[in-house]
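Chain IDs A, B, C, D and E follow the sequence of writing; residue 1 opens each chain.
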Amino acid sequence: MLSIIYLILVPLIFGLLIILFKNKWSSGIALAGSAINLFLFFFMLSQYNGGLRIENQFSIPWIPELNVDLHFGLDALGIFMILLSSLILPVGILASIKYSKFRRKSYYVLMMIGLTSLIGFFSAQNDLTFYVFFELALIPFYFMVLMYGGSDRKRALFKFFLYTVFGSFLMLASIIYFRSLINIGATSDWSILYGVELNLKSQTWIMLGLLIAFAIKSPLFPFHTWQADLYSEGDRPAIIIIAAVLSKMGVFGILRFFNIFENAILQYQTPLIVLSIIGIIYAALIAWRQSSMTRLLAYSSLSHMGMIAAGIFSASVSGLQGSLFQMLSHGLVIAGLFMVVDSIMSRTNNSSIYGSSGIATSQPRLATYFFILCLGSVGLPLTSGFIGEFDILLGLSSINWILALVAGTSIILSAIYIFRFYQKSMFGDNHPENKSWTAITLNEEYVLIILSILVIILGFFPASWLELADQATSTFVQLKSKIQ
Amino acid sequence: MNFEGYIHLILWPTLIGFLINGIFGSKLSRKMSGVIACIGPLTGLLATSMIYLTQPLLEAKTVIIYNWFTIGLGNPVNFSVYFDHLTVLMLFIITGVGSLIHIYSIGYMKDDPGFSRFFAYLNLFLFSMILLVTGSNLVLLFAGWEGVGLCSFLLIGFWFKNTEYNKAARKAFVMNRIGDLGFILGVFLLALKFNSIEIVKIQESFGEIAKNDPTIVLITLLLFLGVCGKSAQIPLFTWLPDAMAGPTPVSALIHAATMVTAGIYLVARMSILFNLAPFTLNIIMWTGVITAIVSASIALKQNDIKKVLAYSTVSQLGYMASALGVAAYTTAIFHVMTHAFFKALLFLAAGSVIHGLQGEQDIKNMGGLKSKMKVSQIVFLIGTLAIVGCPPFAGFFSKDEILASVYSWSFWGFVVLAFSSVFTAWYMFRLYFSTFHGNYRGTQHTWEHAHESPWIILFPLLVLAFLSIIGGFAGMPEILSHHHLVKEYLKFSMVDHTHTVSHLFEYSLWGITVVALLIIGILSYRKYSTIKKEDFEKEEDIISKILANKYYLDEIYSIIFSRPLKSLGSWFKNVFERNGIDIYVKAPGALLNKASLELKPLQSGNISWYMISILLGFLAFAILFIFKF
Amino acid sequence: MENSTPEIFSAIPLTYYILLSTALFVVGLIGVMTRKNIIIVFMCIEMMLNAANLMLTSTSAYYGNSGGQIMVFFTMAVAAAEVAVGLAIIVMVYKNLKTTHIDIFNKLKG
Amino acid sequence: MLSIAILTITATLVLFLGFSKNRDLILPFSAAGVGVAALCLLTNQSLWNEWFMNMMNISGPSKAFSVLILGLSLCIIPFINEFRRRGTEEIADFSGLLIFSLIGGIMMVSYSDLMILFLGLEILSIAMYILAGADRKRLNSNEASLKYFILGAFASAILLFGIALFYACTASFRLDAEVLQNSTLLNLSFLIIFSGLAFKIALVPFHFWAPDVYQGTPTIFTATMATIVKVSAFGALFQFISLCNHHMTEWIYWLLSLIALTTIVFSNILALQQKSVKRMLAYSGISQAGFILIGFLNLSPEKSWSILYYLFAYSTASLVCFLVVHFVEEKSFNDDHSSFRGLYFNNPFLAIVMSIALISLGGGPLTAGFMAKLFVLNNAAIAGNIALVVFALIFAVLSLYYYFRLINQMFSHSNEIKSWSIEYPYAGILTVLSIGTIIAGILPNILVDLLK
Amino acid sequence: MDKIFYILSVATIICACMVIISKHPIRSILFLVATFFLISAHYILLNAQFLALVNIVVYAGAIMVLFLFVVMFLNLNKEVEAHKGVFSWFAAIVSGGSFFLIVIKALEQSKLLINDSPNHSIGLVENLGHVLYKEYLLPMEISSVLFFIAMIGVVLLNRKEKIVKEN
């Protein structure tokens, strides 16, 4: 069986190759690296047996003093996000090729490091490995935005960076606290950490620290203030990845640590859900009033992340399962939407949704892909977005139907803002500037086709993925039933 | 061919047609597109007929196609279809009317640049609609439900360069989604209550539930919210008239014949559930009654030919809803069927007129068209007679049944409905006479170019006209025949309350109807066959104004809902984001920066001061830790 | 003299010497903190070192432990080295700045 | 003891080599001497130990501290050659003084008798006073030298007074001596000695000299101060606390917590607005010292590795920083923030090693800095002071602000693109240090095993 | 005997105070020399004759002369320092005073070691020599390094700048 370390090392090796070869080869090598990675991942996936097992493990002793190994492995929870990262990274690379004149080796090296850190993060099998890669993932994207972002990037980047680091340091504090409370034997993998019984008070403190960290990272309301600025100022190919994958790291973290602070979550379930729901509506209302495409997507993303969080906090089978599925789906959709925005903005240099009306006339294919992605975003049935939202809302209504009702208003609001966005930018009279548009390149088109098809395929055939999600979350629910 | 084969023949051809037209549309010739698109509904119609003829459907059949997804732990939601008599009937309506409208569209849209796109959308719509009526569980039903909403969105905004049309499309979709939210919540509660969302399983587990069980009432109310959205009931009906922005065949197919009746279908499908909640039924009835009268009154003062028909659709939907409200589900479905015939006919005829006048829709600019468009005039007249309930046209039977059922439940409901049917007669005759009789009021140029439509347009009209004439005989009342075909066919699918009215009442109702129609027809003829263009503007009293402006409902909604939300969003965006949320980050940053500047003088560079502070630090530590103050 | 016990050990308790040297130390401290001429400041530091020396010597004598006095010996060595280097620095600085006023040396701050 | 002898001989010979014309030999020879001394330490070659009445004992943690000091000086010595570029020819004196100061450093980290501590401290300090003023013509250097000297002498006097008080209580200079009673005076003397050492480490509120002196001193010697002096002083503190831990009651725990916290808070806040990079690094060094102090909370000889690990992480990273600052200063004649603008485009190598170092200082993942913070904070958590952990980490965010502000500068385009070159030996040293930082971060157990 | 102690002590303190009070640098130096002499007197009192001698030779003789020399060399003897900053005096006296109080308090709270039969002849040259070269050989050796450093330092810092250009 292949060890997961190959997935982690292959991008690094390709990063090295990029350094060794000429500038003009770099994007090609990066693409090849990520393709090989994707291939390797699918190979592992095809051999994955499911269940609660962790497969393709790789472990070396790391910090013997704390009984921590550098331990990676493929498990049901991680598979979703590893799939997402290996899918989205090539998207980012393909999106960046059209800027290749201004790109240098460093950009693609950073991309490769980014891939390594993301896969490392999602396959980490204990809390410290998790934490290290949580932070590591920040660095390549920081540099990508720093070196290639928009005019006001530094301020936005700093806000993002410091805020995130603040969160992750709180997380480190929580982890240290957690570890000081327990005695663990030879290794400390998730399975052992999950088995630790803590009293409610310490669980609450740990939850507080971790949740703030994750809420900042995702971001979730009310810790989202960095998001819109970064999304509008950042380097867009990098933002594609940030919006699609990095933003899931937070909620993924909540799922990872769910067993550890489960009692505390159940204790504060209602306020947590209410906060998430406020976030959903708040973000949706702001998205409605946005005229900047990037900001609109930022707030729409915030709204969706709120939905995912609400699903997790519902601590119900379908809520958790839906959240996990929605993470995958939202990643694909938002990546596609940002790809579209990138295509538009790279030609018009205008982020206003009014700045590019009538694209549907000049670029009907772009409009079509965009529309499919919009459908995924509003959660139309038979697209991937529906399954997740359905399960989440079902989970919420199992707690209280009023909560589900209020959270469900997002399906109305999302329709409002997404279609407003779509119609304003795509429909209407053809903007005079659009005449000088170059057609979308093959690279962009491939990406959009693949993402659109994935959105639909996942909408039609989500069953096997949901089964995986089921396996991933079933341990939580077992615990829950034990408590009640 | 076996049953499964027919099912696949019903389901997939439309989807395939959509894919072919959607992906390769720009490369196909118009003829090819049209033919490919028509294959779908025609195959569906054929397969449905085959099922009807060969499969007695003594009991309902569920066919699982594949496992779609699971909710919770091992609770599968299958992509599976459910066939019973109701399904077959609905399929007939959908594929039948759908086929005709596809054919009609080939002629109607032949010059449009988005020809293949249009057919792709139509096919997608039919696919969704088929999914809606065949889905064996509520989630699949919901998928179709949303799918038709989406197609409606796409088709209303078909001419997307026009911003107004886009707005109308969005409005339709959003209003539908409000209903959808109710629907899906209802589904959730059902799923939680019965641990299944398969319609059959839910129906099986009703035995032990008492009437007016609060959960059931809640569920039915939520489902009814969905119905309001889709079937344009008060308060969510304002989207439908605006939806007339789409091409006319769309209005006929989606916004008259099929999609808007989905809500009626839903309630009929879940009739057992609704029977358990008389409270909800009452609400449905009154909603339907009020919708009927309100929209009929608005229709009185509309001048756009399609708008009038749109409001009449809303009004008819109100009838259907009130029939549902009195638990006369079969009657409602019967009216769905007849309404599909005559309303499609009316719309298509109106489309023919519009086509002939190069897009003119305002009746102020029409008149005297009977000389130019003989066929259109005749079929329009048939449609008018059918909708006003003139015996023996289709509408007469179904409408009469509804009135009778409502009468047996609530007298005042009956009165209101009767009034609204007077209104119906008035505005329909007004429309007919002012369009086809009298003198032409438009420009000379259009008059010269006005022409009868080609046969490809007229053929569907004739078929529909034929159906509008004979459709009613499928449900003759008791006093004429003991074989109410629809009722007999549907008795396996749903449970009606029995409504008995005296024969005397029935006869007198007929009599009054005929008399009233005659009076209204004559009055209307006298007024509108000779009306001048200026006369339309003369009617300027307050009531007319209110009616012409649809009771200002759009404005009221805007003030109550959309504007506050918009300004709330703006406030969030401009004020709260900056001064509320951002403050968490900015304030500590600013504070620390300030502290940094303020503390800098401490590091003054002065050696004496450094020594003093070292000593002070030491003293502080000594006092704190050695002497433990 | 070798065997005679000086009277002082019985007459004066060790505490007095400790107090005396502390007092000297404090005077040095005060001088260090208040004087503005670097040379004087430096002298005050020397006085502080001497205060410590006094304490070391006295305790060493009282306890009959020679370590303290050896320490004083080294302290003097250190003081000598320090003074040499210190005065060299002061002279170097004076060459460049022509002053020994302590408040001049606050260019590096913040 | 052998290594001290070797160092002395090397230094003396180096001074004599200074008279010869061939100055290229000086630095290789110094480096070789230091290297041999380090080797001797590593291979436990120790002659004449028994002659000296056990006054100092280079073994265990002390040995690790000493090797660290020697290793760091090995990285610094080659850079002294840079002075010749400016026309200063006394490199023999500089490297001789540097090697002498190492002796002081080794004494400080391995004393068991306070006399040795005092002498070692003075040897190290006096050498540093001189080196701080090495750039005689620059007023900043003069001022730094003078400030360092006056304040250092003041601190020495206080330390000596503390030693005297200790002696007055115990009649001994040995920290491990048997004491009859644990009196207030004894505790006071501990506190005074601690203050003296805290001055050298630059802990708040004894830190005031550090930023000023760091800024004024020639950068290479700033690097020495920031690394060798700090390591030595921490070594001394380590010896001090581990030797007399049994005398100290709970107060030392709270004292360390309080000082650590004030140090981290104060220095990080002050560092926020610095324009001079050296000054900023000085404050950062102070805050790092606060973190190291946290490692003392749960001190036992077996736990020394976490402090050593932190010192390793800190000193390698800050050495790289100062050396890079040195190069930038050479080219643009000041160490202002703005002179770092576009460094990545002028010399990517410098920018990358500097970024790695800064990330490590900030506790970035997979660098030594992260592991170091983790170990130290873990100690604090085990000692039960979780609040300290939280606050320390929160204020560590500030440090990332100023580190990354610098990184931002380095990676922003500047108007003028000059290509700066760096010679291979220097590049080699920087590379070794950076790789060391990263390897220690990825596989900390190698280093930890070594330190143990 | 105790009277001698008191007189000497008072004189020492007064001289020390005069060092920091007198405005003229030369006077300060002279008072410091006086202080050192008085301290030496204390040493004699304590039977530490060797140290007393060394103190006079090293401190009063060498160090203070060096100071005097520098003051004269730099022409500082005319400089009269204005004692402005009342605040700094106040702060210094308060903090110095509290330091003193702290030590007193600590002394009060603790007992010093009491040696019943101390050896009072340790201050003699012979005894010290024995100890110095036996027990304290290491510091003795190492202090040579100290002087070496000081020597280099002085030379380095005040050497005349000569710039030698290399080829």
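Assorted remarks:
As a convention for this text, contacts are C-beta pairs under 8 Å (C-beta built on N, C-alpha and C of every residue); 3 or more make two chains touch, one makes a residue touch a chain.
On a predicted model such as this, the values are computed, not experimentally measured, just so you know.
The minimum number of touch steps linking chain C to chain E comes to 1. Chains making contact with chain A as well as with chain B: D. Distance between Cα centroids is largest for the pairing of chain E with B.
Of all chain pairs in this entry, the one linked by the most C-beta contacts is C-E.
When each chain is reduced to the mean of its CA atoms, the one lying nearest the mean of all protein CA atoms is A. Averaging Cα coordinates per chain places chain B and chain C 98 Å apart. Rounded to a whole number, the gap between the C-alpha centres of chain B and chain D is 77 angstrom.
Centre-to-centre separation of chain A and chain C, using mean CA positions: 66 Å.
Remark: chain D and chain E have CA centroids separated by 30 Å (rounded to whole angstrom).
Multi-chain contact residues, meaning those touching two or more other chains, occur in chain A at positions 162. Along chain E, residues 88, 91-92, 95-96, 99, 102-103, 105-107, 112-113, 115, 135-136, 139, 143, 146, 149-150, 153, 157 each make contact with two or more other chains.
Across the assembly, chain D contributes residues 115, 119, 122, 126, 129-130, 133, 136-137, 147, 150, 154, 158, 165, 168, 171, 184, 187-188, 211-212 that each touch 2 or more other chains.
The full set of touching chain pairs reads A-B, A-D, B-C, B-D, B-E, C-D, C-E, D-E. Looking at the complex, you find that chain D touches chain E at residues 4, 8, 12, 15, 51-53, 55-56, 84, 87, 89-90, 93, 96-97, 100-101, 103-104, 107, 115-116, 119-120, 122-123, 126-127, 129-130, 133-134, 136-137, 165, 168-171, 180-181, 183-188.
Within the complex, the chain A residues that touch chain B are 159, 162-163, 222-226, 228, 282, 285-286, 288-290, 316-318, 321, 358, 360-361, 364, 368, 375, 380-382, 386-387, 390-391, 393-394, 397-398, 401, 404-405, 408-409, 411-412, 415-416, 419-420, 423, 426-430, 460-463, 466-467, 470, 474, 477.
Those residues of chain B whose C-beta lies close enough to touch chain A in the complex are 22, 26, 66-73, 79, 139, 142-143, 146-147, 150, 153, 157, 160-161, 163, 166, 169-170, 173-174, 177-178, 180-181, 184-185, 188-189, 191-192, 218, 565-566, 568-570, 572-573, 577, 581-582, 584-585, 589.
Within the complex formed with chain A, the residues of chain D that make contact are 344, 348, 359, 363-366, 370-371, 373-375, 377-378, 381-382, 384, 386, 389-390, 393-394, 396-397, 400-401, 404-405, 407-408, 411-412, 442-445, 448. Put simply, chain E touches chain B in their complex at residues 88, 91-92, 95-96, 98-99, 102, 105-106.
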